[in-house]
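By letter and in written order, the chains are A, B, C, D and E; residue numbering begins at 1 in each of them.
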């Protein structure tokens, strides 16, 4: 334990910059994933045929082992000279995030009490008003839950992205394995967990801020 | 005026929920859609504001085919109380109630005043509820908010789907009274779904009794009670339908019919009855007491004559013939 | 016999749901727990089969304290119809209904017969439903299956929590009649929760009217209607309670009370009334027709005298005094 | 309506084209050559992989489901909060670290990898078992109790059938994750198809890489489908239909 | 460091590193030096040799430390050359010609592949050279287990070449592949009997392992040198000068010591690199 703390103190600069790298990768990935997943999820509620296809594809993607997906990215992206590093890692993480985000958005909007939806229609709201005033506010908790799941998932998978040169805390873990240095491995694990917890905490806070009081 | 012309509704191409219904709801009329569960009341109502498509036939409001109207606009002009209240859980009670005025761009002051007015009307203290959320209200309170929401922008037409179903008998009666009182003044055109015969008799100018998607009888409550067109109707309104019809009349009606005048003498022996009491309660009182007659008392506390079983019977026959 | 002795229930140590209730349900008696929403009906019921703990006081069945009984055994002997039906979604209707017989090891034939019998009883075709799942049934159908399940092994004691709440008036009345008919034969001890005063009057040997966890009145329906103990009771049963009480009596009761005998002469002018008609309907008939009297006809089609308003009134007073 | 169907079809076709062109590219580029060049090695790696997964996941199921049942019993309710939170916290530790830490205690090789995978699979199953049992509607349990079912009967006849969908979903998630994580076992000398993936990545050898990555992917996808089938068979029909009806009615 | 200076010159450089300690240290030294000279440096580390090489060719990485032998055999597909300078000259020429990659700053650090065993085991089996090993394996097939990382197991200048040259084969089932570095531990714990190693890895000494003699001189020399894209060289010709002192001062023994500090003493790479540069007066700043 003392060893561990010493290690963290000594190598703090590295740990910190790996953490930042890690966060950048996951942060950008999640932001993009939200920008794609949420509107797509909303659109899918209006097109059942497509919903089935998209959800199936997303659920297949998420079953692909991460190291394999990173691996497959390399030859494909090499064709544009971006085989390693940030881009393949980013694409893989964005893909992994899609299932939780799309599925949650989709079911959240779909599960908005049909009576509420009817009431909104009966009052004379147009589709957009309904979406903004009624459906999205009521679906928010579930949508955010999807974002949180995706974030925690990505922070974990981000550690594996270190093998294709995108840096982050995975480097610490991998080097720890190579050097037989358990403190390094532990530091990697602990900081990944801490990042996940902090991210989850922040997202929960955001969620509580934007969730209408009436549905808490 | 709402006009149904040979309206039918097929669900999924095979379930016939509404079967060739024609009827007219006059301007300012309060019409009850009555019938057993699953007979098509909700369906018929929802076709008016086009939440359900019309499979066949035509529905028009003020002479205009609903299909040709702008849906959004038409719905804003039509208050709709949904069967299961459908309040928006993300909005406060005030926001829920004032959503249509909000969409219409009313200013704050006007909205607030309207909210206060409606809440008072429905027997709820506006300030107690303004900032609360739907889940913090009991079922009956939620239902009243649903009614308030539909009334908010004072639409000339109201579609109400069992709006008082969740209220317990005591509150229910109160709200019904309030509602009738406003209706007397503002004369909206109302389609009101119910499966409670007593409520229908009490509230409606007319009752449309449905069964399996068809109208069995469309009549004034008294006529339906006293002259049911077929066995289904008489079964549905009950064997004691005459007693039921008596809740429609007060002692006042009887006094007017027979032209009873103030009487100076007071009869000390017998119990008094207010002129506003319904005849049903009057009969109950007669049955419950030794004397054969009750003294009718008007608002000023003056005796107006005595009420006997025979008088009630006579009044009833006269009314039936007059109908 | 179910005996409540100073029973109280505190939820979370502070919400007093039941407040010092003492009452006795005799062997074979059908007792209704009546009262507004939240008054503690469900709570009281669930303490009997120990789904809720008893905070204070003692409940005993057949003289034995329920706390000292083997829970499992006691519950198998006690049919329980849950307020929100609680059917098991993973089982077919037949499996749902026959779960207790199954646990008791009945053989297939016996279970099948019992299932068919119960379904017939409740107005549902056994073969139409046997293999279906709960979610494929309408609310009212589900509720009837809940009742069937509780009755399956023919337990001597039944606890029923608003078992007919989701049924529409017509089916409801039918099921009530069936149920009363069996009860007349088998004489189970029944505690039945309702908030419908008409149902209570119709079904119960006795009614316990609750309010805020206390018993306001525990009496025979007529007594409660005719002699309400306080204002809450009279408000709850309604102003026309005397009329209501009349559904409890048939013309037969009146004939018996006054010892009317067969009459040879027939009165051609007036309408006939069966001896099995309720007095409430009788009054309605009198009001609905010109003549002042009806000819009472017994099962053999013989006239047994004439029925007038005065006679009914007289009967009522006699009954009230006799009560 | 029809234009929507059209969009859906077009997207579906595009996706198929992508998948087919990927495989065309892979096959025509001889990307699976390694499998044919070294079939025994491939078989060995695959067998190792399956060993890793089946032993660890099997043990995890045998531990987590009973544990989940245990902590949802009224007597242990208090511990549930703790267990659920540990499970949540545990999920934030990356799989890579679990492997590395297991190696710290157990040395390198298959054993450490199995233990790591076992630990890593416990949590999703446990979480879903608890969530599934918790979501059984209380009035159903009440009804069952009210009819005099013993606690065990309530468990086996009502709770487990109702929770089966959720429990199986947890197992499915765990096994699929497990297959992916087992691909990291190479790092601690645990073998498996990950050996080829890492070889491929480090040597920039697409053939080796794809020969390892695609079989692992197919394995995961197939097992996922397989579990869907099992779910179909094991989840009581009434529950399945009710869920479907609930989804369709919205 | 400022990224795009006022003189309009872009002083950004991405430095790559492979996935073992020495590479981390070397890269760190280069980074510190470059930063000291006003460069803004990004690091892309933890890559396999070929992946890093690919990144260099794709210009995702501008500059990296690599080894002559690796360049010659693995990247260029040429035969190994034993002589250090000749190997370097050949790589330098060929790589520029073929791939536009500029080699410079050849150092004395020779991080050759080697095959290692524990002293005990070697004594017990009387194995001193790779030739002895080959003979033993041929006589006792399926007895010895070999620990290696993925690269060595597959590179032409790795196990396949060794086996071919010495005429023996471990057989797939006896080869245990793992992350580089673990094989020393595995030897120590007797989980494998023979393993690959890096000549400059301090753990060989720490665990008292023996290097089996390469009697056939199969392994070429692997001297560390800088490889950068020609584009980088042209844009920043001074980089060569900046890094030169590092290459000039380092040798295998020093490198082993630095590796020791990180791998065995568990000091941080940053610390070790910084201290070394400062102590040898290689950092002008501060």
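Note that in this section a residue touches a chain if its C-beta (ideal position, glycine included) is under 8 Å from a C-beta of that chain, and two chains touch if they have at least 3 such contacts.
Chains and their UniProt names: A, D = ABC transporter permease; B, C = ABC transporter ATP-binding protein.
Worth saying up front: this structure is predicted, and the values here are computed from it rather than measured.
Annotation of chain C and chain E: jointly contacted by D, touch as defined at the top. Taking the definition of touch as given, a chain qualifies here only if it contacts chain C and chain D (ABC transporter permease) alike; none does. A rotation of 175 degrees, rounded to a multiple of 5, brings the CA atoms of chain B into register with those of chain C.
Ranked by C-beta contact pairs, the top interface belongs to chains A-D.
Mean C-alpha positions place chain B and chain C at a centre distance of 30 Å.
Look at where the CA atoms of chain A (ABC transporter permease) average out and do the same for chain D (ABC transporter permease): the two points lie 19 Å apart. With centres defined as mean CA coordinates, chain E is found 36 Å away from chain A (ABC transporter permease). Centroids built from CA atoms put chain D (ABC transporter permease) at 58 Å from chain B.
In chain D (ABC transporter permease), 103, 187-188, 198, 201, 204 are the positions where the chain touches two or more neighbouring chains simultaneously. Among the residues of chain E, those in touch with two or more other chains are 19, 47, 51, 54, 179, 182, 185. Touching chain pairs in this entry, ordered by label, are A-B, A-D, A-E, B-C, C-D, D-E. Chain C meets chain D (ABC transporter permease) in the complex at residues 46, 49, 51, 71-80, 82-92, 99-100, 103, 133-136, 146, 149-150, 159.
Every residue of chain D (ABC transporter permease) that touches chain E in the complex is listed here, in rising order: 38, 40-41, 44, 103, 107-109, 186-189, 191, 195, 198-199, 201-205, 208.
Chain contact summary for the complex, chain D (ABC transporter permease) toward chain A (ABC transporter permease): residues 4-5, 7-9, 11-12, 15, 31, 89, 91-98, 100-101, 103-104, 176, 179-181, 183-184, 187-188, 194, 197-198, 200-201, 204, 206, 209-210, 212-214, 216-217, 220-221, 224, 247, 249-250. Chain contact summary for the complex, chain A (ABC transporter permease) toward chain E: residues 7, 10-11, 13-14, 74, 78, 81-85, 162-165, 167, 170-171, 174-175, 177-181, 183. Interface residues of chain E facing chain D (ABC transporter permease) in the complex, by the touch rule stated above, are 19, 47-51, 53-54, 147, 149-151, 153-155, 172-173, 176-179, 182, 185-186, 189, 191.
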